[in-house]
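Shared between the two complexes below is chain A, which pairs with chain B and chain C, respectively.
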Partner chain A sequence: MGNWERLVWNQRHLLLDGLVVTVEICLIAFAAAILGGLVLCLVRLYVRPLRQVAIALIEFFRATPIFVQLLWVNYVWPELFGWPGSFFTAGWVALALQSSGYLAETFRAGIEAVPRGQREAGLSAGMSHPLVFRRIVLPQVLLMVAPSLVNQFTVIVKSSTLVSVITVQDLMFQSQKIVNTWLDPIEILTATAAIYILVVFAVSALGKALADLLRRRYGLAAS
Partner chain B sequence: MSSIPAISVVDVHKSFGPLAVLKGVSFDVPRGSVVSMIGASGSGKSTLLRCINHLETPSAGEIYIDGEPMHFRVAGDGQRKPRPIAEINRLRRDLGMVFQQFNLWPHMTVLGNVVEAPRRVRGLKRSEAGELALECLRRVHLLDKAGEYPARLSGGQQQRVAIARALAMQPKAMLFDEATSSLDPELTDEVLAVMRDLARDGTTMIVVTHEMRFAREVSDRVLFLHNGLIEEAGAPEEVFGAPKSERCRQFLSKYLPKYVQ
Partner chain C sequence: MSAALAEALNPAVFWEYRAILLKGLAFNFYVFACAAAAALILGLGAALLRVNRWRALRWAGTLHVEIFRNAPDYVMVVWIHFVLPLLLGLAIGRRLEFPPFLSAVIALGLVYSGYFAETFRAGIQSIPLGQIEAGRACGMPERLILWRVILPQVVRRMLPEAVNQFVSLFKATTIVSLIAVPDLMYQVSMVTQQEMRPLPLYTGAALTYFAIVFLAASLVRAAAERWRQKVYA
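Coming up: the complex of A and B.
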């Protein structure tokens, strides 16, 4: 038991700091991925001249391994664009890129699943296309894709362990630091795994509760 | 009352690629009157209604709402120009449309469905729009369902909500595209009853329907569409009682046994 106390409990402040960074970077990446995915999907569907560009970007983001993207954004972007300036930013941008590719496709499926007649009902009442999208299509798409969104968030949490490679001081980074200091990996890595499991589990449970609540509220059949 | 018709359809053509669906249709709908449109599947009834409120753009011809051209406007130099989309949206408010598939918005309550357009399009205040919506729900006898979500209503109730939603824009005319065709027979009557009330209250209506008895009782005028043309038109007693066209007679024989010879 001595090891647990020495390696885990006594290091709890380090671990907690790391957890805060993990949560931060994941939330920012998630928000950016939703926004990016929505933009990519709207451009793909509604902006004819840029359609092929959007498709290429979506495929590129989805097909490149997250590790490669991370290094690419961190080392190549500053050379090309002079941005991002920090490891933390590079971290969430890379995480967001990949997820935005997946979410763009998720959103597209959701938009195409809203029956055309509902849009026509809005138009025939004099609503403009943007108003129809915002008031009729988007809320239903969000309801529909809520489970996929939650799932994508857990993917981000798991992928986020890689940002320690570019020295972002997240939970994984701190845990490795402790391992390297004490050269005793068993307890600390086990504890780290347990924390990640708890976070992912909590996110899933919360997401499921939210989706159930929304479905019940709107009287939509569970799907 | 002025003599300008509420809706005037003038030589409307519509093609989808090589397929000519409407081949020159003209008729007027005087204010406060009910025009029924009957015809076989594929004859172009839906396409015509959709052209009237610009869900489809006619290939040629024009539609006038209260004398105002819907699709084109005449510029200062006398040239016809397509209307910008914002103007079309404005004119579209004047036409309420009821679809075969109801097309309610499932994420909004019944009341939410009915207030939506008055609030967002006409810019009414929440309280004004709410009052108006309740009045419309009362007309379709669904005041007690205001807080429900559409998924919990029967088909007949959903269609009546759709009618209330269209009425809430206080349109100059209502367009019904087979409003009862996807309903079970026992739910058809409650919707037809609401439509009868509207007709009696002087609502201008174009009704595409397969309910011949309803068309006969309620309409001021009946149009029989065949292959994208008006094949026969007249008062209901004429069209149903003594159709001049052989095709119309054949069509009606499927619905009214007395024509079977």
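Coming up: the complex of A and C.
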């Protein structure tokens, strides 16, 4: 047990710092992915001239492995666009790109599932297109896709371990730093794996409960 | 920016190193094939545990699924490569090391077995109980019922979901470069260090993976759908 105390418990500040960075990067990436997914999806559905561009971007983001995207954003984008300026930004941008492709398709399925008649009813009651979308379509879509959103967030948490490769100091990075300092990987890597498994498990269990609660409360049967 | 864009899309470096890069890509396919086989077998095993009549075995199946489905694949790859050999070594009292390829296959196989187990289980539980009872009434042994009645229908039903998981698994094979399996990403980093031209190399890698995954996924999805319709009709 000496190693557990020395390598895991006594290093808890490092691990906690790492966990905070992990949480930060995941939340930022998730918010950006929802926003990006919504924009991609709306452009694909309603902006005729840019439709093909949106489809190409969605397919590119979905079909390229996250690790490849991460290195691509990190090494190529700064020269191409002069941005992102930090590893942390590159990390969440890459995580968000991948998920925005998946979420765009999720949102599209949700929007197409809202009956046409509801939209027409809104329009004939004198509501404008954006208002119909905001007040009638979007709330239902968000309830419908809530479980997929939770699922995508767990994917982001799992993929976020890779940002340690570009030296973002997340939980995985701190854990490997401890391994490299003490050269004794058993306890620390096992603890790290356990933390990640518990976090992802908790996120998906709580998220599913929350999604079901919202869906029941606002009139959609639980999945 | 236009100069940078031209550099990023310049295929010359990629073409110059095509032999070594192609060899790297082959490793992605090796890892994918071995891990997919392992994941299917372990996943079926875990699914059968989860629908077993003994509670302890059901729990074991659930534990397997929850651990591996919730584990990030990079963490799993690192754990299997750096910790598992040490633990096994302690158990048998000898120093042990896994070749990176083996670690990659075990780790990805385990992680994806968690996903496949859930797909198998959903398929198995969608088979009406009456069919199993009918099999028993005809005097078929349990194993025969599994192979002749349940699995053929399960495989057809889980196909679309399974294709998605195969796609994810192939995409996940890119991370094995981090434990020095010489796959395409590994070779790209090596060549980048030598040539100091990350733009065309990383862009080329991204486009290569995109083309492969996009084409393969579209083809396999279309083929799976056709086969399903033919068999159902």
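Keep this in mind: the second predicted complex is superposed on the first by the 223 of 223 C-alpha atoms of A that agree within 3 Å, B and C clash if a C-alpha of one lies under 4 Å from a C-alpha of the other, contacts with A are read in each partner's own complex, and residues count from 1 in each chain.
Definition applied: contacts are C-beta pairs under 8 Å (C-beta built on N, C-alpha and C of every residue); 3 or more make two chains touch, one makes a residue touch a chain.
Nothing here was measured: the structure is a model prediction, and the numbers come from that model.
Three-chain overlay on chain A, with chain B and chain C fitting side by side and no clash. In the superposed model, A:57 lies in contact with neither chain B nor chain C. Judged by the touch definition given at the top, the superposed model places A:141 against neither chain B nor chain C.
With both structures placed on the common chain, the touch criterion links A:196 to chain C but leaves chain B unconnected. By the touch criterion defined above, A:26 lies against neither chain B nor chain C after alignment on the C-alpha atoms of chain A. In the superposition on chain A, A:179 contacts chain C only, with no contact to chain B. By the touch criterion defined above, A:40 reaches neither chain B nor chain C. Once both structures are fitted onto chain A, a short way to say it is that chain B and chain C open up an angle of 110° at chain A, using Cα centres and rounding to the nearest 10. In the superposed model, A:158 lies in contact with chain C only, and not with chain B. When the shared chain is aligned, chain C comes close enough to touch A:76, but chain B does not.
Of the two partners chain B and chain C, more residues of chain A are touched by C. The least CA distance from chain B to chain C in the superposed model is 28 Å. No residue of chain A touches both chain B in one complex and chain C in the other.
Chain B meets chain A in the complex at residues 53, 55, 85-86, 89-90, 92-93, 95-97, 99, 101, 103-107, 116-117, 120-121, 148-152, 162, 165-166, 169.
Chain C contributes residues 1, 4-5, 7-8, 66-67, 70-76, 78-79, 82-83, 86-87, 167, 171-175, 177-178, 185, 192, 198-199, 202-203, 205-206, 209-210, 213-214, 217 to its touches with chain A in the complex. Residues of chain A that touch chain C in their complex: 59-60, 63-69, 71-72, 75-76, 79-82, 154, 157-162, 165, 172, 176, 179, 185-186, 189-190, 192-193, 196-198, 200-201, 204. Contact residues of chain A toward chain B in the complex are 115, 117-118, 120-129, 131, 135-136, 139-140, 143, 218-221.
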